[in-house]
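Could you have a look at this structure, given as structure tokens, before my questions?
Naming follows writing order (A, B and C), and every chain is counted from residue 1.
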Amino acid sequence: MSAAFDLAIVGAGPAGMAAAVAARSHGLTVAVFDENAAPGGQIYRGIESLIAERISHLRILGPEYAAGLDLVKRFRASGAHYEPLAQVWQIDAERNLYVRTPAGARRVAARQVLLAAGAMERAVPVPGWTLPRVMTCGAAQTLLKSAALVPRGRIVLAGSGPLLLLIASQFLRAGVKPAAVLETRTHAWRALPHLWQFAMAPDYFAKGLALIGALRRAGVSYRRGVSELRITGDDHAEGVEYCWRGAAYREAVDLVLLHQGVVPNGNLAWSLRCAHEWHDAQSSFRPVLDAWGNTSVAGVMVAGDGGGIVGARGAECTGQLAGLAAAREAGRINAAECDDRAAPVRRELKTHLAVRPFLDALYRPPQEMIAPRAPETIVCRCEEIRAGEIRKIVTEQSCPGPNQMKSFTRCGMGPCQGRLCGLTVVELIAECRGISPGEVGYYRIRSPVKPVTLGEIANLDA
Amino acid sequence: MYRRLPDAGGATVAVTINGKPFGAPAGASVAAAVLLAGETVTRTTPVSNSPRAPYCMMGVCFECLMEIDGVPNQQACLIPVAAGMRINRQLGKVEIKI
Amino acid sequence: MAKFTSHVLHFSLAPRRSPLLMPHYDSIVIGGGLVGSAVAYGLARRGLKVALLDEGDVAFRASRGNFGLVWVQSKGLGVPEYQRWTRQSSVLWDDFAVELKNESGIDCQHEHRGGVHICITEQDFAERRKYMEQLHLESGETRFEYEMLDHAQLKKLMPEIGPEVAGASYTPYDGAANPLYLLRSLHSAFLKRGGEYFPHSKVTALKAAPHDFTVTAGGATFNAPRLVLAAGLGNKPLGALVGLNVPVEPVKGQIFVTERVRPILSMLTIWVRQMAEGGLLIGESREEAGFNDATTPDVQQFLAARAIKMFPFLRDVRIVRHWGALRVMAPDGLPIYEQSAEYPGAFVATCHSGVTLAAAHALRYAEFVANGALPAEVARFSNRRFGVPTPA
């Protein structure tokens, strides 16, 4: 095992890249591990190849995507040791990272660790969501960004959140016309108190209206306030059913794209036993962090959406703050210098966070998608455990929580380790017991957070 | 089901998907190539042999598990295609031959 | 809104603790793990009214970290009573599994086809042979029979065995169950027999008098003439409240579980077993690490290397989870079964083989508690063997 890095970063999205640049500018040795083939995370996925091979597609993806190139270039130039296709499956008590790459698995020592693994889409458990030809909106974006693929046929987008309209407009610019955009009920009343913050980001409002206008002009059926969504089909998705304005609808589909916002992709932080709290505004758990991103575990920081959803620009800011904090911790700058350099970043972060309470309130997922009512809805996709069984065990056996639920049903024991079922299970238990999800708690997440072979473990030091 | 946008450019890489040869876009993930090739299903579940396909395309859902070059249960959305790759559906549980 | 209300209503039909009334039970059992739920079920099935008190969702809970063996061949060297008690449980298990399935609808996947203790080196093999022979000599009329299998003989039974493995010991007495389904099954059967289960109920106060125990837990109070301490490591502080010395300490064990694999393992073995759903369990360490169930990289490597040596095919199998759990260990590794002399009616039951002894706990130990006396058969497990503890 070679010498320890001053800072090891998991994730080369905006937070990880910004932290690497900041830490490197203060002379720290930095390693960045990312499981994808190129830097950019989800938001700037594939940006280098896209610009090199098909720059005309930038106009499809929009200016916010293009803006990522500058950060990626600075990251490449920073001198950080960057490894793509590298999965960190474990971090031990001494802050060694256990990394597997196509070349093999090894242990990497670090004095400080930054988890910048970002966000993932919230699961959208509706009946039929496990059928082939049902994906997340983000998945469609990934195909578009990284492989220039667009779907054909009758495409229905369903859910809510800014990404729903964004992908719809990206499709239109790519010459793909979705058959319908079905938006679940938004919470205008709940969002109203935050409207004044929205006023601080006026172009957001304008952008939203423009997207809706574009959809309407293209003749895309755009319905707001749908409920009781279900996907039908035998071997793959063939239809959607839903209620809208008191009537039931049924349509044929070739592809369903779901979205209900994003949540932290936090299994590494959980596996380290970082303290977490329930973040009600975003209906998810997040690690407890100080103003620099330090977790409750010494030497472990979190930046970006993994610490609570802040968006791409917000992620960059939190990454910079973490990089500065790492530099201070490593003795390259003192506390006063650190605060000084952080001040403009904090101001910028504040502007990016301004619109969040409004968005979070407006797009809060409907309860029926948070805690599915239809008992046949699969909650744990890996182990195929359904909502009805989970509710039954809570009410009939007074199951104390998600870990006992896991023991009793295998829910959460599959390869995804609760990434897609964890929040739903917590919410079902919370609803059945009439308590808050924070009181319910979460799965005990253990390493490996990604599967690793026994041979890779045995040969770590080879 | 999927098509490549015009001016996508780039080379193709010869792979085999479920026994059929396919020219995958260079740099694409195995999962993307499989979808472009018109395959609906990446795996059948070990619990009930139900058909599944990529859901998240970013490595968290584990629905895109496929057998790649003889190695089972690989997350196809995280692996770039390579020339000569043999890509097969993951049928239920891993099979081990002694 | 209506739908939400109906869920709340449904939950309130389940037994609720009332802070105002103090319900009376025939027995209180503290601890909802494998020992507690087995004893509680055993009492309920005898018609007693039982309150089973359990902690919250996140607790050490040895029962959720278990390997699940019903293991006989390594028990009780020098203590034939333990061999006999274990063997008895393994025999009772056959009908017990059927009974639980009928009562709860849950199959705890009990198998009883014998087991293999793998000896990797020739020295391991020689030592094991001596061990098994000694158990045989001590077994008297219970007749402990075993076979030592050299590499060639073992390979006939298990073609997947690694080339470097010296051999193994085999007995037909060993078996296994799914420990998680067993726990679920016990809980379900307990409820169906009229038992009342109270989670999130850690004991905060205990008032003891002979055959009269009042327990405050989770904001409610319970009274019964019988009290069973089955709280694992928690038995030590609880025991002190009823005049019972329970010198148990945590001994950590780490285990892996793999991705689901088609049936490959020919036999049940002490350190590697294949569950019905296909995943392989790989264990197991024994560490004195205090009240710490964290997994560690050194043990991780050790377990992986040993597993590959025993079964080379495991080299390419993926592990999905690695966990640690704390065994409840008496200084001599034997169970502790005792009734308080100062407060008769208060019993303790603790062991580190909650699955193996589940049948004995449900069908025999519960009977002892119901009748208020521990027979000579389990006298060897009395805490008197530890002498009188020095006051703190």
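Here is the rule we go by: a contact is a pair of C-beta atoms (placed from the backbone, for glycine too) under 8 Å apart; a residue touches a chain by one contact, two chains touch by 3 or more.
Bear in mind that the values here come from a model prediction, so they are computed numbers and not experimental data.
Between the interfaces A-B and B-C, more contacting C-beta pairs are found at A-B. Comparing per-chain C-alpha centres with the mean over every protein C-alpha atom, the closest match is chain A. Averaged C-alpha coordinates give centres for chain A and chain C that are 40 Å from one another. In this assembly, the C-alpha centroid of chain A lies 23 Å from the C-alpha centroid of chain B. Computed from the mean C-alpha positions, the centre of chain B lies at a distance of 43 Å from the centre of chain C.
Touching two or more other chains at once are residues 259, 277, 316-318 of chain C. Each of residues 47, 73 in chain B touches at least two other chains. The multi-chain contact residues of chain A, meaning those touching 2 or more other chains, are 414-415, 451. Listing the residues of chain A that touch chain B in their complex gives 35-37, 42, 49, 53-54, 56-57, 60, 85, 87, 120-121, 130-136, 138-139, 142-144, 146-153, 174-175, 235-236, 254-255, 265, 381-384, 414-416, 419-420, 450-451.
Here chain C touches chain A in the complex through residues 3-4, 7-8, 10-11, 14-15, 54-58, 64, 180, 183-184, 187-188, 191, 197-200, 256-259, 277, 282, 294-297, 300-301, 304-305, 307-308, 314-323, going by the rule given at the top. The touching residues of chain C, when paired with chain B in their complex, are 159-160, 259-262, 264, 277-278, 313, 316-318. The touching residues of chain A, counted against chain C in their complex, run 90, 92-93, 96, 98, 107, 273, 367, 373, 391, 394-404, 407-408, 410, 413-415, 417, 431-434, 440-441, 444, 446-448, 451-455, 457-458, 460. If you check the complex, the residues on chain B that touch chain C are 46-47, 71, 73, 92-96, 98.
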